[in-house]
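In the two assemblies presented below, subunit A is common to both, partnered first by subunit B and then by subunit C.
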Partner chain A sequence: MLEIVLFYIAATVALVATVMAMTRANAIHALIYLIVSLLAVAVIFFLIGAPFAAALEIVIYAGAIMVLFVFVIMMLNLGEKGDKQERQWLQPSIWAGPAILSIVLLIELVMVISQTSGPVSVTAVSAKEVGLSLFGPYVLAVEIASMLLLAGLVGSFHLGRRYLDRDNLEKKGGQ
Partner chain B sequence: MDGLNIPLNHILLVSSLLFSIGMLGLMIRRNIIFILMSLEVMLNAAALAFVAAGAHWGQPDGQVVFMLILTVAAAEVAVGLGLVLQVQKRFKTLDMDRANRMQG
Partner chain C sequence: MSELMPVILALTILIGGVAGAAVLTWFERRLLGVWQDRYGPNRLGPFGIGQVAADMIKLLFKDDWVPPFADRMVFIFAPTAIVVAMMMGFAVVPFAPGMMIIDVNIGLLFFLGMTSLAVYSVLLGGLASNNKYALLGGLRSAAQMVSYEVFMGLSLIGVVMMSGSFSLVDIVEAQTDVWFCFSQILGLIVFIIAGIAESHRLPFDLPEAEHELTAGFHTEYGGMKFAMFMLGEYLGLMLISCMIVTLFFGGWHGPMLIGDWLPPFFWFSLKVFVVICFFVLLRAAIPRPRYDQLMSLGWKVMLPITLVNILVTGAVLLWIEGVA
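The block that comes next holds the complex of A and B.
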């Protein structure tokens, strides 16, 4: 019984935090709400018997990925001007159409989902089982993931290096 | 952790709500940082659906796919934020409607 109450609380927190994140004008405020939402989803993972996924959600999503966002927002240094512009963009005339389309999609999804039934499993899937599966039948997917990460590393290094180089070149040109 | 019986369709409902909110955010925001955040929310919602389905059948496959989604999200965000820096450098704005022309 307690798990079910906790699940509904975590789900409510996740949904409210995500809505707040999507409607903030200030990027850092939105990011904090997004972290709350990710932590709430991690609680849901823990409750449905996936403790390893919950740990990864906190460490990688709420930790590493959000820190990347924080760094980039700090580097850009948007300030008050950015806030004002964001507020100007967030008029009802802009978001009404997309909102209707999203609600239509949501209704379709809910109609499909309402046909499924049954509770989730009573046993937790341990990290050991996940690891055995990951390096057993899914070993090719792990290789593909490693190649994807390498491509991401090379791509972000390339983009970031040119950013720094141009910065230096402009400084030299100005002197 | 024993004896819980959260209905599967309630978890999937939360997942689809999160996905819809993320998609709405993707459509209404013009700032590229918020677009990337919305993509994160959508990937996270998909991951929640996978983990819930894996828990429903008591199989580890859902968490394996969750890990692959995590990899995709990390790589996407690293490249995306590199692009954010480039866009800010070249156009002096984060407005995506301003950066609609491809040039070498």
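The block that comes next holds the complex of A and C.
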């Protein structure tokens, strides 16, 4: 019973935070709400028996990826001008159409879920099981993901190299 | 009683953490004084311990001011984030057998998650101040902490492999005979360096770096909000010390040849105290590296070391399993 209450509290927090994240004009405020939303999802993962996924959600999504988002926004230095532009883009005429269409989809989703609903069995999945399935049946996906990451690494290295060379040239020129 | 234990312990940590951080500010300055051949604060009360109270009164009575150009909501939120995250991190620390708030099977990951959330405090504080020095401090901290988080996590993989669990209680119990500081010496070195970088203390206090960035991310902060940042930093120092003791120096176990003839909590606190002194010594002894030196140390030295450590640990474990 307590778990169900906790689940609904976390789910409400996640929904409210996500809506707030979409509607904020200030990018930093939106990101803070998105981080809160991710933390709420982590609590949900923990409650439905996936502690490992919950921990990774915090460490990787909330703790690393969102930091990089904030980092990028810091570099852009948007300020008041960015807020104004964002407010202009958030006119009802722009978001009303997609919102109505997605509400239709939401109603369909709720109907599907309510038809198939049964008691969700909570079985805790340990880190070991996650590891075994990652390097067992899903090893191909892991390898493909690693290739993708390697490609990203090589790409960013290529983009960053130009500046590195220029720095070296300046150093040599100064000596 | 056993149900009340976590609640009592949580309150004790809350009060003890704040008091400990306050005393640490004085203790650190005295210790730095000893190592740098000067006195440090020695005027108020015996050994100058009254300095703690004087500092507290000064901080409490300062004007709690938010600069008009700052982003008010984020400016106030930032210093609280680091204190909350660090306090949460203490929830999984096993002080003695049965003396911990919660023993979850993801304890180690929980600790890593909380330290990674503490990054936001520095980052958002620097951003919300709307000041270029603060912004530079925030930018540096983002790059520094995200990078060193990687090595911090990887350096602990060896410990997890040897104990076969993410639970901190299991990790301490796996060290009953031999502490991990011998077999995981590479992991220990990397973890200590990454720990200093994560709690952004000297020599890795580049987010603050008072010589070049006035006070970095907390340039615009004063009064209690500044005190919250300092509280978070000292809580971080204590948390990292607790984790070093738990993961590499046998937690509540006594030293190997001497045995467990003192209460477990005593051994734990003694070891944490020694580690904290070591951190203060590092602060006194090592100058701050340049920003690019810090980054290249991380990616060119620490990353290979951790990867080699994981490879060797795995190979040795498999070899032992094959022999047995």
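Everything below uses one rule, namely that the second predicted complex is superposed on the first by the 154 of 175 C-alpha atoms of A that agree within 3 Å, B and C clash if a C-alpha of one lies under 4 Å from a C-alpha of the other, contacts with A are read in each partner's own complex, and residues count from 1 in each chain.
Basically, a contact is a pair of C-beta atoms (placed from the backbone, for glycine too) under 8 Å apart; a residue touches a chain by one contact, two chains touch by 3 or more.
Fair warning: this is a prediction, and the values are worked out from it, not measured in the lab.
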| item | value |
| --- | --- |
| Joint occupancy of subunit A by subunit B and subunit C, clash or fit | fit |
| First, second, both or neither for A:L68, with subunit B first and subunit C second | both |
| Which of subunit B and subunit C A:L56 touches, first, second, both or neither | both |
| First, second, both or neither for A:V41, with subunit B first and subunit C second | first |
| Residue contacts with subunit A in the superposition, subunit B compared against subunit C | B |
| Subunit B versus subunit C as contact partner of A:S133, first or second or both or neither | first |
| Touched partner set for A:A17, first subunit B, second subunit C, both or neither | neither |
| First (subunit B), second (subunit C), both or neither touched by A:I32 | second |
| Smallest distance from any CA atom of subunit C to any CA atom of subunit B, in Å, after fitting | 10 |
| Footprint overlap on subunit A, comparing subunit B with subunit C | 51-52, 56, 64, 68, 73, 75 |
| Residue ranges of subunit C in contact with subunit A within the complex | 71, 73-74, 77, 104-106, 109-110, 112-114, 116-117, 119-120, 123-124, 126-128, 135, 138-139, 142-143, 145-146, 149, 153, 166 |
| Subunit B contact footprint on subunit A (complex, rising order) | 3-4, 7, 11, 14-15, 18-19, 21-22, 27, 30-31, 34, 37-38, 41, 44-45, 47-53, 56, 60-61, 64-65, 68-69, 72-73, 75-76, 78, 82, 85-86, 89-90, 94-95, 98-99, 101-103, 105-106, 109-110, 113-114, 116-125, 129-130, 132-134, 138, 141, 145, 148-149, 151-153, 155-156, 158-160, 162-163, 166-167 |
| Of all residues in subunit B, those that touch subunit A in their complex | 1-14, 16-25, 27-31, 33-34, 36-38, 40-41, 44, 47-48, 51-52, 54-64, 66-68, 70-79, 81-86, 88-89, 94-95 |
| Subunit A - residues contacting subunit C, complex | 26, 28-29, 32, 35, 51-52, 54-56, 58-59, 62-64, 67-68, 70-71, 73-75, 77, 126-127 |
